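The data blocks that follow each hold one structure.
Both complexes below contain chain A, partnered by chain B and then by chain C.
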Partner chain A sequence: MNPHASMIITLSLIMGPLITISSNHWILAWTGLEISTLAITPLIAKQHHPRAIEATIKYFLTQATASTLILSSSIINAWTLGQWDITQMSNNTSCAILTTALAIKLGLAPFHFWLPEVLQGTSTTTALILTTWQKLAPLSLLVMTTQSLNTPLLLLLGLMSTLVGGWGGLNQPQLRKIMAFSSIAHLGWMITIITFSPKLMLLTFYTYITMTTAMFLMIKLLETNKISMMMTSWTKLPTLNTIMILILMSLAGLPPLTGFMPKWLILQELTKQHMFIIATMMALLSLLSLFFYLRISYCATITLPPNSTNYLQQWRHKTNQKPYLAPMATLSITLLPITPTLLTLL
Partner chain B sequence: MALSFKLLDSVFLSSRCHRQNALHPLLGPLLTDCISKLYSSYRRPGTSPDNTPPWKMNFSFEKGVDGIKKHFGLLKKELVDHWKGPEGYRLEEYFLEQTRVVCEFRSQKELDEWVVSSDAEIGGKSEAYLKLGKNNQTALLYGTLNTEVPRDGETGYSGYCAMRTKLPKGAFDTKKYYDWSNFNSLYLRIRGDGRPWMINIYTNPYFSHQKDDLYNYFMFTRGGPYWQEIKIPFSKFFLSSRGRIQDDQHPLWLDKISTVGFTLGDKVDGPFQLEIDFIGLLNDRAHTEEFAYEKYERNPKV
Partner chain C sequence: MMYFMFLFGFCFVFWMVGVSCNPSPYYGVLSLILGAASGCGVLVSVGGSFVSLVLFLIYLGGMLVIFAYSAALVAEPYPIGWGSLWGVVYMVVYVLVIIGLVVIGHWLWGTEGFGHITVDAGGLCVVRLDFSGVSWFYYLGNVIFLIAGWGLLLTLFVVLELVRGLSRGVLRAI
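For the complex of A and B:
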């Protein structure tokens, strides 16, 4: 890409969510959201493949619709209450429209249909940015408005997202679509707890970013986009193959890995709020996600010798190093013992 | 909402078929979804535009009920298939398969999944027919090509015929796709008469500005009594749109395939025959090419 264009895009991509996070006025928050949408659009369409263009159009249309809804909700709020402060949103209609708009932005069920298609149509690095960095701005808006949001609506969105994330990813052979459904499921968990404990939601978000980044860097290193190609990953990176399995189990939320920490704390908080049925349903629905994570791990291991593979063993090119993979993988596996420290830090 | 359109759709078929009798069996399956039937964009060159007002309809309750039953049945099947495995195959089968037969021709039902068309739609004189071959083991596409241009003041060329699978539809006429990402070649067992055919793969894109995108490659038949087994890697397919090969070439993505078709348009008048035993997919381990055409920037800025 032209270095000037690349510089503008990267700077805008970084500044967009930061503007939204640091804003107090709705117009500035909306500006930040629009900047981040516009900045990532050329990144998604970078390779000009018809499917990449399709993914770009889908992303742009959904995000633009959501931004419009956010603007309209803030205008309704300003019209009725006379102020534009993000934290003082008290109009019920505005809150409902805002929740819907942020659900579209994040890809929560039932507004999730764009996410697997967009992630499938674009490159792995852009998919990583879409699932991690682009979630920052809408989640920060949710945290800022959490006292005025409608808890039952958020619980419903969270439950549906966990269900859809689990069900949709079940028999998906394409890795980026699986990561999309995994993202939907994790966001479901985050949304469930946001009105009870925004700090816990932020902790979940940070652990989710760590684990997802580790997984995407692994996918990029393996240069694969189907589960069936994972069958020969042990020939390329035997040690990292094992660590990938641990990262997947961490994403699934199994103890003693990091991913267990947010799920445990969320279930504890829901129980404290006497929401036993919802807590049980969330725990059961995360079993669906566990199933497809286990499936990827299974495919990465079933072709260890003496079994035969269906795929040619991959050539080991000159090392395609991913310097951030090591710290991300370590963090996504080993953070559970320091849970008390993390809770106090937040 | 999809249901109301489906009911209207059954209504429209009965109202339009008197006008487009020859065209409807060929055109109907080619339209993407029932909503597009309301805005049917095909106009036979040389005819006046169709101005029937949309409120003229024959309402049919039984068709509506049958439609509801059929679509809920399809929805249930889709959910069960999703649980069973990718595209309804069990996971082990899906990952370990190296070959798959996509189309076999053993009964009229399998022939009904194909649509045959020729330049008769634009007023030409070619004919094309599809029937089961000997012992119901093959499909025979036969007919006559006639390159005489129809005199309607608009058409410049004529003389083609084509055969294409119908667009796969899920429950409530949603688009369904095939995932062929485990394979890298198309395998055809055919017996032709020496004519060159073109194979077209359509990926049924989401947005309408890409609806004419088609991936093509050639199939040269040998003629003669012996069967010909042709392997065409998917990396060889080039992108074209409305018959024009695109400058900006991209490889065919195999995770969302919609239809496969054959076209004959070699500007030679006369009869033709193509007998197809089966169409399959193959994961050719020896084929490592990713894409056969230039991927580098053709006019780099120096």
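For the complex of A and C:
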């Protein structure tokens, strides 16, 4: 890409969600969302093969529809109430439309269909940005409007997302699509708890970012994209392979790893609010996600493909380092014991 | 914004002078278009926003194009411009004599005085409520102005990057 264009696009990608997060006025929030959508569009299409272009068009159309719905909901709110403040959104129709629009933006079920295809059509780095950085702006809008949101709708979206995230990822051999369904399931957990405790939703979000970043960096480091390729890619990095199973189990939410912390606290909060059936269903539906995380770790770490007995590490023709993998992997494995500290930090 | 109002009025008179003293229909047509656009601005300033829009669309877009192009079709191959002797003579005569007479006549025998009288204001170079909102964009709304400008620049680069390649102008798949 032209360096000037690349500079403007990268700057806008950074500034877009930051504008939305720091806004009090709906128009400024919408502007930030549009800037982030526009800025990532050429990054998705960077390789210019037909699958990437199709992913670009799908991403742009869904995000543009969601932005239009956000604008329409804020205009309905301004028409009836006379003010554009994000935190005072009292009109119920506006809240329903806004929730739907942000669900489309995030990729919650039943608006999740674009996410696996967009992530599969683009490079691993762009998939990482799409699942972590681009979720920042819509989730911040949800946190800002949480007192006026419709809890049953959010619980329905969250439950459906956990179901779809678990169920849809069961038959996937491609790693980026598996990470897409993992993202849908985690966002389902976040959406369920947002009206009861926005602090827990933010905690879930930050741990999700850590774990997803660690997993994507691992995928990029191993340069594999399919489960079948992962069976023989451990020879590239034997030591990191053992870390990968821990990251995957953290994503699945198994104790004593970090991923257990948000699930535990959310289940506790739901129980305190007497939402027993929803809490039970969420816990059971995460078992589906656990299955495909286990399958990846089975293929990557636990078993060896049929080959001769003594395996050698591959020749290293170029040094392939991802400096951020070390802190992200460490955080995504070891944060459970300091849960009270993290709760006070939020 | 007051300068803007003054500019609309001044441009209207200026381009109408250009229409009347043109040595050739090409320049006459040009000044007619620009004068009609300035006239629409004057109409907006006295409160006739709808009338101004209708004038812009129907007059400029419809009649003017057809009439002016058919008039320009019968023009001469070597048109005389405003820089030539005759153009300057026409312009000086028109401004000094005709317009000077009109202004002096209005000053001496006019009853209303100079300036507009609109529904909610009056005076020389007034700016009405909806038009003056544009000026707030440059003062209190400077942050969103910058962000909106940045967004437009970003759109330009994004579109150029997406359609760069063999077949320019389409979102290429190869």
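Keep this in mind: the second predicted complex is superposed on the first by the 330 of 346 C-alpha atoms of A that agree within 3 Å, B and C clash if a C-alpha of one lies under 4 Å from a C-alpha of the other, contacts with A are read in each partner's own complex, and residues count from 1 in each chain.
Here, a residue touches a chain if its C-beta (ideal position, glycine included) is under 8 Å from a C-beta of that chain, and two chains touch if they have at least 3 such contacts.
Predicted model, so just to flag it, every value in this text is computed and none were measured.
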Fill in: Touching partner for A:120 - first (chain B), second (chain C), both, neither
first
Worksheet item: For A:257, is the partner it touches chain B (first), chain C (second), both, or none of the two (neither)?
Response: neither
Discussion item. Under the stated touch criterion, which partner chain does A:42 make contact with: chain B (first), chain C (second), both, or neither?
Written reply: second
Item to complete: Please work out whether A:28 is in contact with chain B alone, chain C alone, both, or neither, and reply first, second, both or neither.
Response: second
Discussion item. Let me test your reading of the model: by the given contact rule, A:211 touches which partner, first (chain B), second (chain C), both or neither?
Written reply: neither
Worksheet item: Looking at the overlay, does A:285 come into contact with chain B only (first), chain C only (second), both, or neither?
Response: neither
Item to complete: Please indicate which partner A:53 is in contact with in the superposed arrangement: first for chain B, second for chain C, both, or neither.
Response: both
Worksheet item: Does the superposition put A:174 against chain B (first), chain C (second), both, or neither?
Response: first
Worksheet item: Across the two complexes, what residues of chain A are contacted by chain B and by chain C?
Response: 48-50, 53, 57
Worksheet item: chain C touches which residues of chain A in the complex?
Response: 1-2, 4-5, 8-9, 12, 15, 19, 27-28, 31-32, 34-35, 38-39, 41-42, 45, 48-50, 53, 56-57
Discussion item. Please output the residues of chain C touching chain A within their complex, sorted ascending.
Written reply: 144, 147-148, 150-151, 153-155, 157-158, 160-162, 165, 171-174
Worksheet, complete the sentence: The residues of chain B that touch chain A in their complex are 82-87, 91, 94-98, 179, 181-182, 203, 205-207, 210, 213, 239, 248, 250-251, 253, 255-256, 283, 285, 288
Worksheet entry | Contacting residues of chain A [partner chain B, same complex] | 48-51, 53-54, 57-58, 117, 120, 167, 170-174, 226-228, 231, 295, 299, 310, 312
